[in-house]
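Structure provided below as structure tokens; questions to follow.
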Amino acid sequence: MSEIFDILASAGLWAAVLRIATPLILGTLGALLCERAGVLNLGIEGIMTFGAMIGWLSVYNGADLWTGFLIAALSGAVFGLLHSVLTVTLGLSQHVSGLGVTLFASSFAYFVFRILVPVAGTPPTIEPFQPIAIPGLSDLPFVGPALFVQTPPTYLAILLALGLAYVIFRTPLGLAIRMTGENPHAAEAQGINPMVVRYGAVIAGSALMGMAGAFLTLSAFNSFFPTMVQGRGWICIALVVFATWRPGRALMGALLFAFFDAFQLRLQTVLGGAVPYQLFLMIPYVLSIAALALMARRARVPQALMQPYRRGER
Amino acid sequence: MRFERREHRSVLLVVATPLIAIAAALAIAGILIAIAGAPVLEAYWRILTGAFGSRLSATETLTRATPLILTGLAAAVAFRARLWNIGAEGQFYLGAIMVAAVSSQLVGNWPAVVQIPVLLAVGAMAGMVLLLIPLWLRLRFAVDEVVTTLLLNFVAVLFVSMLIDTVLKDPMAFGWPQSQPVSDDGMLPKLLERSRLHLGLAIAIALALVLHFVQSRTVFGMQSRAAGLNAQAAIFAGVPLGRTLVFVACLSGGLAGLAGSIEVMGVQGYVTTDLSPGYGYSGIVVAMLANLNPIGVVLAGLFTATMFVGADGMSRSMGIPSYIADVFVALSLLTMLVAVFFTQYRIRR
Amino acid sequence: FIPSVRASAPIKVAGIHGSPVENAWNSVLHKALQEAAAEGAIEYVFSEGVSGTDYPRAMREYAEQGARLIIGETFPVERQAREVAADYPETAFVMGSSGTEAGDNFGVFGTWNFDGAYLAGMLAGKMTKTNVVGSVGAMPIPEVNMLINAFAAGVKAVNPDAKHLVTFIGTFFDPPKAREAGLAQIDAGADILFGERIGTADAAKERGIKSVGSLIDYTPRYPDTVFANALWNFRPILNAAIADAVAGKPTGRDYTAYGLMKEGGSDIVFVKGVAPADAEAAMEAKRAEIKAGTFEVPRIMEEPT
Amino acid sequence: MSGQVLEIVGVSKRFGQNLANDDISLSLAKGEIVALLGENGAGKTTLMNILFGHYVPDKGKVLIEGSELPPGKPRAAIRAGIGMVHQHFSLAPNLTVLDNVMTGTESLWSLRSRRSQARSRLMAIAERFGLKVDPDARLGDLSVGEQQRVEILKALYNDARILVLDEPTAVLTQIEAERLFGTLKDMAAQGLSLIFISHKLDEVMATADRIVVLRGGRKVAERKARETSKAELAELMVGRAVQRPVRQASKPGDLVLEAAGLTVREAGVNKLNAVDFRLRGGEVLGIIGVAGNGQTSLARVLSGTLAPSSGNLMLYGKRMEQMTVGDAVLAGIGRIPEDRNKEGVIGEMAIWENAILERLSEFSRHGLVDKGAGIALSRRIIDQFDVRGGTPASRISLLSGGNMQKLILGRNLINRPRILLAAQPTRGLDEGAVAAVHERILEARRGGTAVLLISEDLDEVMALADRIQAIVGGRLSPSIDADEASSRKLGLMMAGEWESEVIHAV
């Protein structure tokens, strides 16, 4: 018991929570933005994979880290464009298009990687983002090393979460996005083109997903491995619902999820293999389902989610 | 520019559009093949021979199509009733592991004629149970099943991983996490010697025919479609909504569970966590390509398997990174989706 | 059908990798095969990232394309792999496997680089200041267990009081997660990490402690961090297999032993002067004993705790 | 043509084979109220959607104060001062009233939404036009009438000078409708120009300055309201003289349905409160009342989709414990739901499937659907009930509202039911269709069917019903004979005035 307390009281745990949460925060925000405009984007897993690959590849070829990050975001935007054409313009089923994008983006990422980096052995490395201690704050006892010694993308992710919350709830653009997700016909009747809004949201959301992937290769690690995204994208899809489509809660949800992962890794060092590790890994999923059951009736799902909007169809 | 629904489809259109789609996928893939430094036309030829050029490739294509048809049917049946079952992957694994468990622990020495049906039933039931949970959550708490079924996939795979690491671990596998095997009498008979082609293909096609019949001709088929299209009107017309959905879930989960069971009993013989290269997810795409029509699912499953096996074989014979196979499948799926769309809509100014 | 190949022509060897060749284990095979091809001994073709479902097909395809020797790994498809081998008696299969050899043409090998791990443990045991060392592994499978157990045994051999932490990340392919596992162990007091998985050393590097690598030489990648590696060399196994295949001898045997240290198949490489001199000396003595066959590192396949 | 704020010139629009608008021209002066009339499917909504930029016309143009409006751009239309209240509300139930109104009114790139300013502006407009709403209420929590007000406020908030209302009263009660038209007239007096669409000739005659009639996509007539009559308008719309049928006296038959103390409690509220009524074969019992007083619950109980919490339902003298839809259908109860799109039909299914869905037990053997019989039946319905616009195999959503309603009527009446439950049977239908539906209902009555008619349309109830009861707050008034009914008396009943009399009587 005291060991568990020690774990909880260690700044390292909480620093790890933020680190592990960062790609989840970025990905969840991206998925959330798409869904707020009424488009489910199951392309996330593939977009993250491609972002991880292209971000790393750019830096490996001499771009600086932020440029790599930006290129990953751009690549995400391109896949977002593809998803938009399929789901917004053509109005195809959003699940299927998303799964198609995931399959395409990830296999294409591996293909490009293999063509351009045909090495054996562990792939080459880049110099990743280094943690930056925020002057003043990082000197605080416990909280300092726990929260204020992170790499820049982590700070960026948190700012983005707050920023997205502001945009969605406090700006005319956010209202337009929400209206498009609730009732695109109503948006159109107010002079907003729901197609444009959906395109914009999906493209921007996918760019965030690309950044989420890039975090894995530019900050969490320093090289790209095929399959390294490991289902993190799917977790983001779940987190959006867990967060009831609110960026602030998405941030909390990602942190909670990351907490279980970080805690689980530390608990193993104490308990060894006494409990199958799979049980720990299941916790976040089971917990998400339980949370959904508890709050689903209160959650306000965007009413037009997954419904194609075709002008003038009856 | 806008799209207008076609009320009638000409035969020419229905035949031509998929061909155009495949041509488009081939063209894009051709660019990648050229970039990889291989002769494009030869590569196309190799895709064809890779899928059907020999007894081996043809049987392999059919073997790979089998689970895709079953998971495709699982998705088609559910989606038709607007039950968004994204959990076929988990149901697949649960079906597979239950078959391995029951065969290795309980009924392994039963004769094949008894054991095989029992195992198939067990696997189907496992899949059902896993889908009934999210359905219950939806009916009871109004929880959206897209997310619950998606999440349960991970729970199911971790559960399988745990079982094959602990109680079901095969002691003969030197500690590798794999389940104890299905007994020899529990394995599905081969359709052809010196190949992996097994009875599962026949089962899958038979089930597709049955399902087609059920959906197009039976009261249940009509009611489940009504429930999916407009639940409120269905209730008004006396469709027992809850019961219909439960039945749909049993069919869908059952088919996905069956897909896993058949894969274990027909091909692998035991369960590992890489039994499925995403069959559950591909099934959704297969179902959509088929426009949720069970007979179409057979064709779409064959199509998808052909593209993959052909391109995979091509990559090996031409020395192109083998990831090209997945790229090619993804491209064909995307272009095919667009093609299916244009058989249903026309462009208007 | 061409009945036989001229002996002087390089034979066609196919590699079927269940993982991408970035995976350290596969990279060892891949590199050895590439070297052999570069030397003109073989003609090498390969597929990577082949899933369990596709694996038997890849085996059959290569066999039908005339590969004389097929190298790979059949852990998830043992039963089917033996069926394939039985269907293609002309082709030699030598596979990383947890099973036993079968027939005339299905040979197996294990990954026994635990000798090096034991020796690295001897260095680590003397170097730790906190008296806590840690190991990060993928999953508790025998080859990983053996390795981690050997490392722990090496530590205990020189420092019986040392505490050994173990974390499994549950997947073969998640370097960021391995890194997190390493950081967790450092937070729990470890000051030397044995990284069965890539990513572990990144944690060590970040916190400025030392780390041990496995299978390949990680020191160039982490110059100031990885001071020792439990190397595994696939060439001895490959050469034996090629020799058998060319000579037309049955390849249905267990090639594991060619990977042992005393056969030159594995070893430790370490950066001199990092560990205390007496520790290095003790380790070198043990190394000589192992090579001479007078000492055998315990082979413990149970899950380490 | 000077002084015209709006001119529509030669507009045509085709959907597939269907020419929805054919060379239509129309103009509107400042402060004028124009009513657009026409059968279901005549092309009224299409024309207004072109005006507002939802649709791009194939030919023709729209001029606002002389300058041409770019086609297909709702935003441009809004800027030009057009406000539109859609036939189907375009509101987001999950957002607040203020959100609904504000959407799209500020520059999308501005960094902050000026909510408090918007709130006071909205309040001011609401005040000025007498359209009170709570800006912070969630829209989905409002009544239909309040939602209608929000729709109008949205248009006014955008500074609309031309207001288009597509069937604004279809879902409003008479009182709400009267209040709305009062407001509209005020607006016109303040300089707004209005176009409204309606099927209710009374309100058209009472409100419009000018009336434009469409038929089959063409403009067939234009009249000053002062110079025309209801009869003429009806004839112009339909192309022939229309007359609503009249009920002939008849003798009611046996008691078929009796409710005693029927109560429905939902979430702690009595939606139906100890309701009593009796229904005999061959008579029409009209239930009148303002929407939201328990009509829905009553209809649901009798259709078998809702179980009463307490009370007795006697069918042909037998007590029904729990009546399911199946029981109701088997017992010969024909059911016309109040919302045909939501409950009556499944748009994506074929006409024949919609015809037999609720009686699958009759149209199936051993669990197999008898498609042949289904098609035969739907063909009979199409012939006998004059359903136009589709074959048995076509999607039912292709039918116009009136034809859909005829099909629903047909599937219930073709095998003479013993009881017909008709909830708002003519809502949103044109004059010709209304006459046809009324004729069918009276025909069923003549044939001995007992009809329970739930309607908010007093004219309809007075024309069809033998006896009338009012529903107020979930309670049912005692019945009065239709011959004794006057508008005043019915108005009092709907206000709940009977209660005091009952108390006196006891």
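Here the chain labels run A, B, C and D in written order, and each chain numbers its own residues starting at 1.
What we mean here is this: contacts are C-beta pairs under 8 Å (C-beta built on N, C-alpha and C of every residue); 3 or more make two chains touch, one makes a residue touch a chain.
Remember, it's a predicted structure, so these values are computed and weren't measured experimentally.
The minimum number of touch steps linking chain A to chain C comes to 1. Comparing chain pairs A-B and A-D, the larger number of C-beta contacts belongs to A-B.
Of all chains, the one whose CA centroid is most distant from that of chain C is D. One inter-chain figure worth recording: chain A and chain B are separated by 28 Å, centre to centre, where each centre is the mean of the chain's CA atoms. With centres defined as mean CA coordinates, chain D is found 46 Å away from chain A. Centre-to-centre spacing of chain B and chain D amounts to 46 Å, using the average Cα coordinate of each chain.
With each centre defined as the average position of its C-alpha atoms, the distance from chain B to chain C rounds to 36 Å. Of all residues in chain A, those that touch two or more other chains are 110, 226, 278, 281, 311-312.
Shared interface positions of chain C, defined as residues touching 2 or more other chains, are 49, 140, 170. Among the residues of chain B, those in touch with two or more other chains are 161, 165, 321, 323.
Applying the touch definition to all chain combinations yields A-B, A-C, A-D, B-C, B-D. Those residues of chain D that touch chain B in the shared complex are 15-16, 56, 303-305, 324-326, 329, 335, 337, 342-349, 353, 357-358, 360, 364, 367-369, 371, 394-395, 398.
Contact residues of chain A toward chain D in the complex are 170-176, 178-179, 182-183, 185-193, 300, 302-303, 311-312, 314. Note for the complex: chain B touches chain A at residues 2-3, 5, 32, 35-36, 84, 86, 137, 140-144, 146-148, 150-155, 158-159, 161-162, 165-166, 278, 281-282, 284-285, 288, 321, 323-327, 329-331, 333-334, 337-338, 341.
In the complex of the two chains, the chain C residues touching chain A come out as 20-24, 27, 30-31, 34, 49, 134, 140, 165-171, 173-177, 179-181, 183-188, 198-199, 202, 216, 218, 221, 303-305. Chain A contributes residues 40, 82, 86, 90-93, 95-97, 99-101, 103-104, 106-108, 110-111, 114-115, 226, 231, 234, 237-238, 241, 276, 278-279, 281-282, 285-286, 288-289, 292-294, 296-297, 301, 306, 310-313 to its touches with chain B in the complex.
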